[in-house]
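Shared between the two complexes below is chain A, which pairs with chain B and chain C, respectively.
Moving on to the complex of A and B:
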């Protein structure tokens, strides 16, 4: 088992390298390099960059060298100095811009995942133990809608309902009066009153699919002889279900770290644009529209890094909690 | 030696006519019979037939030219058909005419519906000229008013005064086909790479599986956004359309490849494949004639489930302004105007394209579910 875990961690590094290479390839796809665009922009706004500074930046990011060297420069700058390049629309190092945004993305996706778990677990157990009951059908139906309605459309519709029915703006994470205020209890409460919107919007689709897998797994378990045997021995139904089949059917919750988290990160990108959240989404979209490629690429790289780590963690957890998993 | 003379010849076992029909039916017949039992899937199929028919005859079903700018009626609210009101039941239903006013505070032009002036909706009326399939020139529209110059905007208009209903109908031509093209590209890539991976095995298999893993581990929407942003800006409409489809298929093929690979792995060791091999059948013929037909139903199910994802992705990309761009009309580009809260608050009818998106996606999901259940009729 430890051999497998070690192998899995070692495999993580080359995968990350391939992903970073793909990201760099994407950054380089638009014509011209970022410095050309930066110089052009400064000329348009009436300022200019002196030749010395330009040469310095060109050297720093190895812009006049062949593609592979540029890539190795870029990646080693990130690994050794935490230097992700420079954003020319903000005229600041990328590393100054991305961390708070990434933090919020991480926070919101993890909260949505917890919400999904909290909601899916009891519903799945209920649906499986009360198969074909009214509530089972109702949950399946709601789940189907949740799967089909893309979350950014759900966000749009919620915004409209919030505005037309309750006359409140649901965007952002803080009301305008708290946005720049220091943290206080009032700000925290205001924050909570905004937080539920993105969490519900992001959580619906994942909840639906998680319920479906967990329900199916649990149904398989419930028909197994050991359940029958435990029942014959006189265990109470509640004790029996929670102690054995539910625990065996829990795997999808762990693997949802690998399957759901990437979807949540992906969905958060666009939902954040609709709800104007301070996450990676809106800034990455602007960066892409402006072709500010170092900024956009850094976001893409870090988001991919998150998903890769979540897959890794989920694989390792699965091995630990379920000895039946074949780790060849 | 003991002979088993107790065994009856197969002809003597009495079987009912229905059973015999079941035993002699072809694989596709069995799939169809089982699929027919899935009620939601059957309804969804009817819905999709209607949607695709409307898309095919868009010029006929749309009351207006989708690019016609009627500045006089910009941002006009929907004239929803009225079946009954204080004056009794109306058949055919009527629409109320607009009364234009100015908001006393903002001076914005607003429209009110005047419930006193009723215009009956007529079927098969003469209106603006259009070309069906770009060839047949005609002016007959499915619905309209007696007087073609009267305003008739069932779902309202956008900020330039273009009819939302007509735009949604014409948008369906793009939105309903982009998924088909995308799935077709994914299918070719998926069968090719999945087949090679499953049939050859070895280091090629490992390589392709790693590639699939890497692609699937990248968050899709950010990846798509980056790819679309990298599309050159000077492409024409057709090039953008295909550029976006190719970008969408770049992830889509991995799922199909996974299905194909799994089936190849399990079929490879079946007796009938071994029999074909010992008969000296060529590798290509084994794949095309013997293997592919035995899992094509699974493939169709996987494709149907991939379609709604494509449709949604196009909508999402265009909504963000990185997919198709105006003047191309698609459900996604129509929604682009609803990105800010002001637009939603003042002209909520711009959100109407959400409805066909959801209906289409639900329908494809139900059909995919039905197909998946029916795909293996011998199970």
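Moving on to the complex of A and C:
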């Protein structure tokens, strides 16, 4: 097994190289570059830059170099010095910008994942064991709604309710008076009062699909002979269900970790923009629109890296919970 | 009874004593008085210049305290909403848009327009307490203008005369002069956006010519080269970096507020500059308001929701006419007032045909004035106004706004009325016969198709407006082919002379902008030359002194000459008005730039308790840098 994990980790390197190349290429594909965006914005504010200055800046930012040269410069700096380059828009090193945002992104993503699990697991077990009951229908109904409503729409609706009913703006993670305050109990409570919105918004869609998969799997297991046999031997129903079929049906939970993380992260982009969260989403979107390629590229690279890691973790977990799985 | 009289007497006496000391002493904000008391700050008399700038208040003498709050969609910009509160230039606009002193005590341009002399205020101090002297001017000149790595040609228009740089001469500690290679009277228009001084005592450490360790300092701060580090300190941008990324508490400034802190939500807090050089008529040092909190909401809807819920004390730049109903609905319950203020933008949307089109047939059609008249008559502006602009604004051609000193009533109404018959008869007269499918035929027999290239990822090109115009022009037999592209591709096409027609919002159209920057809307290519809307060939001809490009017709050549002469004429002279009128009339008659709805009012949000702020009849315009003339340093909260 350790050999397997090592092999997987070694495979990260070529995968990430390919990803970084594609990412960089995609960012460069649209017409224009960062300077074009900058000039446009200056014009909007009523100033301008003449062609000469534009050319000089383009040279200084090395935007006039061929694509391959720009890419190799960027990637070799990352590999040799851990230097992700400098963001044009923010005029600061990329590494200074991304870490706190990556932190928030993972905090929110993992909170939503835990929320999803905490909600999906008992509901799925209940729905499967009480198939076609009223609550099964009710949960399925709510679940399907959660699946069908786009996340950002849910976020907008919650924000509108927050604004029209409670007259508070739900955007961000803190109320304005706590934004600058040091951590305190009051700030923490304020934080919690904002946190539930993104967690619910991001969690609902995942919850629904997880309930459905888990329910279907468990239903398959419940009709298998070993369940009958256990029941015939006189095990209590609760003991039986939790000990055997649920454990077998747990596989999608763990393997969903691999697919759920990227979904949550990409879903979080739009939701974060709508809710103004301090996560990677809005900054990455901005960077992409402005062709701030080192910033956007670094974000995408880091997110790909974490997706690879989460796939690996879920594979390892699968081996642990299900002895039948063997990758050797 | 006796004691009561005594108390009243003492009270009266103290008022008299207080009032009599007004002439000689200055007052300061309580937060600064505390620091003086604690010995952290010299007394206010020592902090102010010998001759501080006394600013008339708009309504009343204010009270100290409070925090101004504004919102912006992104951190790095020096957008007008933010930077109009942080400016410190040689001069500034007052409420009536007169140019009045700011940092400089006085200035004088010699009769021949060759020598511009500026006098600073004696005893004027940077926000860290160091004196502002002509050494800081010399430093700016040497470290920025004469340093190739830092200076980007042409962007500092107060010393740049057609590519030649003025000489600097220091007279004494407070007086300096620029000597121009040729007559340059326009400097008088640029001084509201001209700040030829930098704090040498602080910034020289980052400059390689002053400090051998500058490169090492830069690398410590995460830059590759010293000049990147140095330029990152130039707040508001002397020239190259217009981005507002300075995060340096130690950087001395001259503005009313200075950088204090920054939080994880990208909000930036500015605090009052204890050395600010402006006092009110009673000697109270400005600004009245202690803090300025600039918050960031990246999502436009959230940003507006914050403003609607009363979180901002002032907002204008990011608001559009479409936001007004929602703002008005929530104003009372959320303690703000919202008014529609006059703005000066000549047209919300304008069209320029490509007069130097590579296809000679199209170029000839576009150059026929009857075609442009017909296209203007074909637009149903009243309907456009109702459907797209909430019925606000004025149907007009994008000619100067009515605040212009040489404005003529009705000059903007040429070919403005909606009349399909006139349009058709003009096109018939041109010989553009109606062909199959009700599309007119070009002289070479092909159908008259015009490609309308526009950017989809910009709010400028309202989809309703684009469709409506297509419909209007289709009515008279001109087939508009819509070609939506990315905004950067759009710019590239314009720049490559690869469009039939250029469209944009026609701002930068006022007298002040035309003089301060350049008259971009009144000569081809009708925008900044890096984004030419139409007639790029003509501009190339003009810029290369006739060597490149396409020779324009006589009236365009005359226009270029008239504008150059106008820019060399000081404001207010007879000749200035004559030339201005000529430029205005030529543009109005020739309809090179066709407008839709202009002078669109701007919704302005102000906190109910804020005083000395603009009243509804005051112009709030990007042309005047939004809050610039409205003296935010004298705003105060009435509690």
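The working rule: the second predicted complex is superposed on the first by the 278 of 328 C-alpha atoms of A that agree within 3 Å, B and C clash if a C-alpha of one lies under 4 Å from a C-alpha of the other, contacts with A are read in each partner's own complex, and residues count from 1 in each chain.
Here is the rule we go by: a contact is a pair of C-beta atoms (placed from the backbone, for glycine too) under 8 Å apart; a residue touches a chain by one contact, two chains touch by 3 or more.
This one's a predicted model, so the numbers in the text were calculated from it and none came from an experiment.
Asker: Counting only touches as set out at the top, which of chain B and chain C does A:288 meet: first, second, both, neither?
Answerer: first
Asker: Could you look at A:273 and tell me whether it touches chain B, chain C, both or neither (first, second, both, neither)?
Answerer: Both: A:273 reaches chain B and chain C.
Asker: Per the contact definition in the header, classify A:252: touching chain B only (first), chain C only (second), both, or neither.
Answerer: Touch status of A:252: no partner.
Asker: Now for A:146: first (chain B), second (chain C), both, or neither, which partner does it touch?
Answerer: Neither partner.
Asker: Just to be sure I read the superposition right, which of the two partners does A:85 touch: chain B = first, chain C = second, or both, or neither?
Answerer: neither
Asker: Per the contact definition in the header, classify A:203: touching chain B only (first), chain C only (second), both, or neither.
Answerer: Neither: A:203 stays clear of chain B and chain C.
Asker: Per the contact definition in the header, classify A:174: touching chain B only (first), chain C only (second), both, or neither.
Answerer: second
Asker: Contacts for A:15 in the overlay, against chain B (first) and chain C (second): which applies, first, second, both or neither?
Answerer: After superposition on chain A, A:15 lies in contact with chain B alone.
Asker: On chain A, what residues does chain B touch that chain C touches as well?
Answerer: Touching chain B in the first complex and chain C in the second, residues 30-31, 156, 159, 163, 169, 171, 273-274, 289, 291 of chain A appear in both lists.
Asker: Contact residues on chain A for chain C in the complex?
Answerer: 30-33, 36-43, 45-54, 56-57, 86, 89-93, 96, 100, 156, 159, 163, 167-169, 171-174, 176, 179-180, 273-276, 278, 282-283, 286, 289, 291
Asker: Taking the touch rule as given, give the residues of chain B at its contact with chain A in the complex, in rising order.
Answerer: Contact set of chain B toward chain A: 210, 213-214, 216-223, 225-230, 232, 308, 312, 315-316, 319-322, 335, 338-339, 341, 344-345, 348, 351, 354, 357-358, 361-362, 365-366.
Asker: Quick one: which bits of chain A touch chain B in the complex? Just the residue numbers, please.
Answerer: Per the touch definition, chain A meets chain B at residues 15, 18-19, 22-23, 26, 29-31, 144-145, 147-150, 152-153, 156-157, 159-160, 163-164, 169, 171, 262, 265-267, 269-270, 273-274, 280, 284-285, 288-289, 291, 296-297, 299-300, 303-304, 306-308, 311.
Asker: Quick one: which bits of chain C touch chain A in the complex? Just the residue numbers, please.
Answerer: My answer: residues 74-80, 152-155, 222-224, 232, 240-243, 245, 261, 263-267, 269, 295, 297-299, 301-302, 305-306, 308-309, 311, 333-334, 457, 486-489, 491-492, 507-508, 513, 517, 527-531, 622-623, 625.
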